[in-house]
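Each structure below is given as structure tokens.
Each of the next two complexes has chain A plus one other chain: chain B in the first, chain C in the second.
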Partner chain A sequence: MNVNIESTEGGVSVARAHGRLDFGASAEFQKALEGAVGAKPKALVIECSELEYVSSAGLRAFLVAARAAKAGGVGFAACALQPAVKEVFEVSGFSKIIDVQADLATALAALA
Partner chain B sequence: MSHSFRVEATADRLPEANAGLDAWWSGAGLPDEARFAFELVLEEIFMNVVMHGSPPEGAPCMVDVILDRQGDGVVMEIADDGLPFDPLAMESPDTAAPMEDRRVGGLGVYLVREMMDTVHYRHSEGRNRLSVFKSIGST
Partner chain C sequence: MINLVDELVLLTVEDEGTVSYTAGRSGFLMSVVGACLVELNERGRIDADLEAVRVLSTEATGHPALDLVLKAIDQGPALGIKAWIRRLTPQATDVVRQSLASLADRGVLQASESRFLWVLKTRRYPLLDGSEKKEAKLRIVSTLLGDDIPTPHDSVLIGLARVGGLLEGFLSASEIDRLSGRISQIGSVDLIAKGVESAIREEQLEVARTFLGPV
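Entry: the complex of A and B
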């Protein structure tokens, strides 16, 4: 998998996650998100429309990044989850602890 | 007809295990959208074996994956010759806990239970055997 991080004009960073977030990919993904949070944007949005798969290892990376964001006063949201990824977020209870938005526009509006 | 394959229980072999599942799944002509849950279960259980199965010293244990159609679903057995370990005995996480208190231990096995219709563990003939079944609808 890979993740590309870009900044919007509003000072929000958007991390676009592509591919499969399995055990092997989770450490690098977590590092990328922690780096993005460390740059102290106003908020970090994880855009997941190209994220095909997530396991518990991937969820951990989301959780670590969300905690770092909260500790650093950085807004945090995930958006545009594919149905299977969304199911994992819901079953695990992660959709209750991480702000999940329908799409990027909605997420940016919510974090503005 | 059942299909089986064997993979060494090390973290870097996870893609190989997943490829074995995908190859069977595609060959059987099963719907893509139903595959995700089985990939997830295979990863969670395989990684559990990687973490808990192999003795601290010595070679990694081996994982056998056996796949078959059963009724309107798929049955998958994941067996290993590692240390006896019942993943279903792990405590479930509190999925209602706030972020600060949220613990990640046991999350993988919790997902396995929730994503499958049935999950059974037994230890027999010196092997851990976890068997799961899920309906995939009419095909």
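Entry: the complex of A and C
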């Protein structure tokens, strides 16, 4: 998997996640998100339209990043979840603790 | 930090060394199995999703209880989280025993043998200074009273302590009731821990069906 991080004009960082987020990919994914949070953007949005799969270990990386964002006063949201990823977020209860939006535009508007 | 299995087991140890399950043995034992799976997942030995538990590495962890569970999964059929929880629950008593022994080896508990009715040998594990158990309870309570997102470890610990009936050991019924929204929001934000909840619910339904007829 890979994750590309870009900044928007509004000071929000967008992390575009691609591929499969399993144990093998989770450490690098977590490091990338923690780095993005450490840069102190106004908010961090994880754009998941190309994220095909999240395992238990991958979900933990999301949780660690969300925790770091909250502790650092950085807004945090995920958006554009594919159905399989959405199901993992819902079954695990992750959707209850972070903001999940339908698409990037909605997420950026919500965090503006 | 003490691993999740040991910390969960530690929450059941009374000061004089007996193990007490406030809200039922079966839920606690399923929670112990769930803690093993989460710990193996964190250590890169297994990964899990909504379909299956997969072995990534059979390298020993050095923790006998975890290695027992890892071996069983490696040698067993392809199953999902919930099925593994149910299948491994009969071995959970061994896991608890090994966890208690491991805590005693590390000086957290003290192993002490005595005779019951002068004949039957019993083993107790009195707390040495109780600081690790106190620390776990404090962490749970402060996480529940705060509004931070918990660490994955604490989220699972809170979720498993709830379904395993361990919160009742140090929180009153009214406190648990008052915190129930927060407990269900941040407890077990994890696929494996959610599998434990689901397995316990299913078992409770089966018991209810047995005693009450169809529900």
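Keep this in mind: the second predicted complex is superposed on the first by the 112 of 112 C-alpha atoms of A that agree within 3 Å, B and C clash if a C-alpha of one lies under 4 Å from a C-alpha of the other, contacts with A are read in each partner's own complex, and residues count from 1 in each chain.
Keep this in mind: a contact is a pair of C-beta atoms (placed from the backbone, for glycine too) under 8 Å apart; a residue touches a chain by one contact, two chains touch by 3 or more.
In this text the structure is predicted, and so the values were computed from the model without any measurement.
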Clash or fit, chain B versus chain C on superposed chain A: clash
First, second, both or neither for A:5, with chain B first and chain C second: neither
First (chain B), second (chain C), both or neither touched by A:110: neither
From 42-50, 96-104 or 132-140, the chain C stretch with C-alpha clashes against chain B: 42-50
Doubly contacted chain A residues - partners chain C and chain B: 22-24, 53, 55-57, 59-60, 63, 66-67, 70, 87-88, 91-93, 96-98
List of chain B residues in touch with chain A within their complex: 11-12, 14-15, 18, 33, 36-37, 39-40, 43-44, 47, 93, 95-100, 102, 104, 107-108, 110-111, 114-115
Interface residues, chain C side, partner chain A - complex: 38, 41-42, 44, 47-50, 56, 148-152, 155, 184-192, 194
Sites on chain A touched by chain B in the complex: 22-24, 53, 55-57, 59-60, 63, 66-67, 70, 83-84, 87-88, 91-93, 96-98
Chain A residues touching chain C - in the complex, by the definition given at the top: 22-24, 53-57, 59-60, 63-64, 66-67, 70-71, 87-88, 91-94, 96-98
